[in-house]
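Each in structure tokens, the structures are laid out below.
What follows is chain A paired twice: with chain B in the first complex and chain C in the second.
And now, the complex of A and B:
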């Protein structure tokens, strides 16, 4: 048990014992050293909670299952989450979109030394300047030294891609999306994707078909990137969930970069900010 | 014993590709997928298991099953019979999954003609496993790393090439004109895994239908389709008529079938919006009951071949081996109590 595990367990135990929350959602160790999300509802189970650099999903996603009352005349359940700084931005996103209320949530924030996907450092982690969440109730200090990178621009690969010709980009993405199996793991792992009915699944959709061919797959992913414009927190959960190793965050990072340059807007700074594409400022200048 | 060297294998692939579509495991940025090849060097021959099942070549992710020309008179045309496919590098578990799916699609009428066409034109050349890998549990569900079931030819890697066993008439045809040698060979035995869970029978599973375990298990499920879409025995599909072209007076449609799965919320939603499997718990439970209770009761075999692909892809670590073991444990506990 590491110091971080100890801190998480102590915080979780206290929250459950004092009935501040009905569940703590964090990670546990699974078979063969893997980690997986776990919902802890009893104090005797808190010792299952752990943290390590493979905890790469965005647990804010689970709040969509807990944002409505569990039954008639019942309150909205209160939840504690063990989450990274980027995940906390998704909390702010969902508050600003009026999906959740901060009062129903306790944040066990991780001082994050970066996470990995398939044992490799996530690209956004290697540029991340934000190691302490913008909001938390309890902060779990990292047991690893944290070096904040001097290079803050995590968009080098995107800039490179911007210089490619349209044909080169198409060839690149055709190869990537050829592997896609349209399993929707990316969408289901994303806290920002919570439409009751996704465009990709509409019956008699005029936008796409049920075929699992490259054009439909490309449509799905590009559409998803656009629907997350100004909403993606770059947590990388989509990429972590993808069973086919598709570099999905490249699409989101391209959009995030354009938005940062055009509007100076970074998703999840403040829960009071209106969603970017839901507000209009006549004085704003588009730098594109 | 028949022996084929690596060099002869490459020539064999070349010869076959003139007569049929040759399919083999190909590396696509680290993921191993069955794709059509023209020469042996496009394929990977050293791999554990492919990331997508062999099923993709006889029950494709998407395929047209009917063409509809809607004009003054509506004309229907069935999809043509596919040209022959010879598949290399089929793991024995994947080959068994074909036999399991056959029970449903062609085992008894009505015959699924499209599926039958694929199966009839497909030759499967197996590659025996040297060991059971990290998530493998084929021996717990009736398979083996060197099983012959469902294959036309089985290759087992030996020094310098493969020991070759012809198992069917199709297999005989496939080696026609190939320089096969006769050699004294000792086929190496695969390393098996110990401590695998015991799969209980469908009647026993039925007693646990309302157990609280399914709720607990589903707490972390995010209702994606990854497990089902890498599964060699999942076979649900959706059918839609998709508009292809419009010309004056004529509309052309394709009747497509594409994979679909019970783990996703929309699968069971019906007209009026009612959903009999509204919760994650009910959907996830259905997936496992389908494999271990409904399918064996309706068609005979268990709908799981122990490849472990679902364990590898699940973003939230839901593990079918753990579930089988837990069911075994719950039944034991219930028996003790009784």
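And now, the complex of A and C:
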């Protein structure tokens, strides 16, 4: 048991004992040294909670399942989450979109040293500047040394791709998207994707067919990247969930970079900020 | 491919300004290329950027979105929303490999019939220069075919 585990368990036990929350969502150990998300509702189960660098999903996603149906006078269950800095930004996103309320949440924030996908450090973490959450109730300090990359490395791979010709980029993405099996795991893992009926599955109006062809797959991924414009928190949960190892975060990081350049806006900075593409400044004349 | 490539251009025109502008171009008998397929929409804010993606993936070589000048929107703010959306979509399409010159967004008012013709002419020439947009439907089929040909 590491120091971080101790901290998480102590915080979770206290929250549950004082009835501040009805459940704590975190990670537990599973078979073959893997980790999986777990919902802890009783104090005696608290010792199952752990944290390590393989905890690469976005647990904020589970809040969607803890929302009560609208119009019914049921109390909204109060929940604690064991989450990383990028996940905390997703919390702010959902608050700004009025999906959840901060007072129903307790955040056990992790000082994050970066996480891995399939035992490899992932791209989103290798450029991440933010290691302490913007908002938290309890902070769990990292027991690993933290190396924050310099600003310039941030979007190196995106910049490189921008220097390619359009044909090269189209060929690259055709090859990548061709692998897609349209399992929609990326969408399910995403805290920002919570439409009741996804555009990809709508029959009326019929946006895209169910064909397993490149244009349909491309449509799905471009659609997702666009719908997450100004909303993606770059947690990389989509990439971690993808069974075909498609570099999905590249699309999202490209959009996030453009938005940072044009509007100086980073998702989750402020829970009161309206979603970027749902507001405008009447004086702005964007150079398109 | 034929010697002269004629691009297919889908254009979304807002009902209140650009469509009326196109109408004025017509009634004034100003000539402009016949490559554009006009789709009338209530407002440039109605043009979901996914319309554009779908147009490209379904065979358009260029897409044009024309709306009212900022401040002139019939619905007060539709074109401001469109402006932000297309800033994002423009760069995203370029990143996917659809040249950014294939997508054009501009403001044309109801009195700018001449300007409408100019805009269409310039954009058609631009797309003609870039050439056709080829989206491969089925890379496997293509590979099999290539193998057959080379065998």
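Simple rule for what comes next: the second predicted complex is superposed on the first by the 272 of 288 C-alpha atoms of A that agree within 3 Å, B and C clash if a C-alpha of one lies under 4 Å from a C-alpha of the other, contacts with A are read in each partner's own complex, and residues count from 1 in each chain.
In this text, a residue touches a chain if its C-beta (ideal position, glycine included) is under 8 Å from a C-beta of that chain, and two chains touch if they have at least 3 such contacts.
The structure presented is a predicted model; accordingly, all values stated were derived computationally and were not measured.
In the superposition on chain A, contact of A:175 is made with both chain B and chain C.
In the superposed model, A:134 lies in contact with neither chain B nor chain C. When both complexes are overlaid on chain A, the residue A:213 reaches chain B and chain C alike.
Judged by the touch definition given at the top, the superposed model places A:32 against chain B, while chain C stays out of reach. Shared-chain residue A:197: touches chain B; no touch with chain C.
In the superposed model, A:241 makes contact with chain B only, not with chain C.
Once the two complexes are laid over each other on the shared chain, residue contacts for A:185 go to chain B alone; chain C is not touched. Once chain A of one complex is fitted onto chain A of the other, the partner contacts of A:76 are absent, as it touches neither chain B nor chain C. Once chain A of one complex is fitted onto chain A of the other, the partner contacts of A:229 are limited to chain C, with no touch recorded for chain B. With the contact threshold set out at the top, residues 175, 178, 213 of chain A are in contact with chain B in one structure and with chain C in the other. Contact residues on chain A toward chain C in their complex (touch as defined above): 158, 161-162, 166-175, 178, 199, 207-208, 213-215, 218-219, 222-223, 225-226, 229-230, 251, 254-255, 258-259, 262, 276-277, 280-282, 284-286, 288. Residue ranges of chain B in contact with chain A, taken from their complex: 28-31, 33, 51-52, 61-62, 134, 219-220, 222-226, 228-230, 238, 240, 242, 256, 258-260, 264, 266, 280, 311-313, 315-319, 321-322.
For chain A in complex with chain B, the residues that touch the partner chain are 30-32, 34-39, 57, 61-62, 65, 175-176, 178-179, 181-185, 187-189, 197, 201, 204, 209-213, 240-241, 243-245.
Remark: chain C residues 49-50, 53-54, 57-58, 70-71, 77, 80-81, 83-99, 105, 135-140 touch chain A in the complex.
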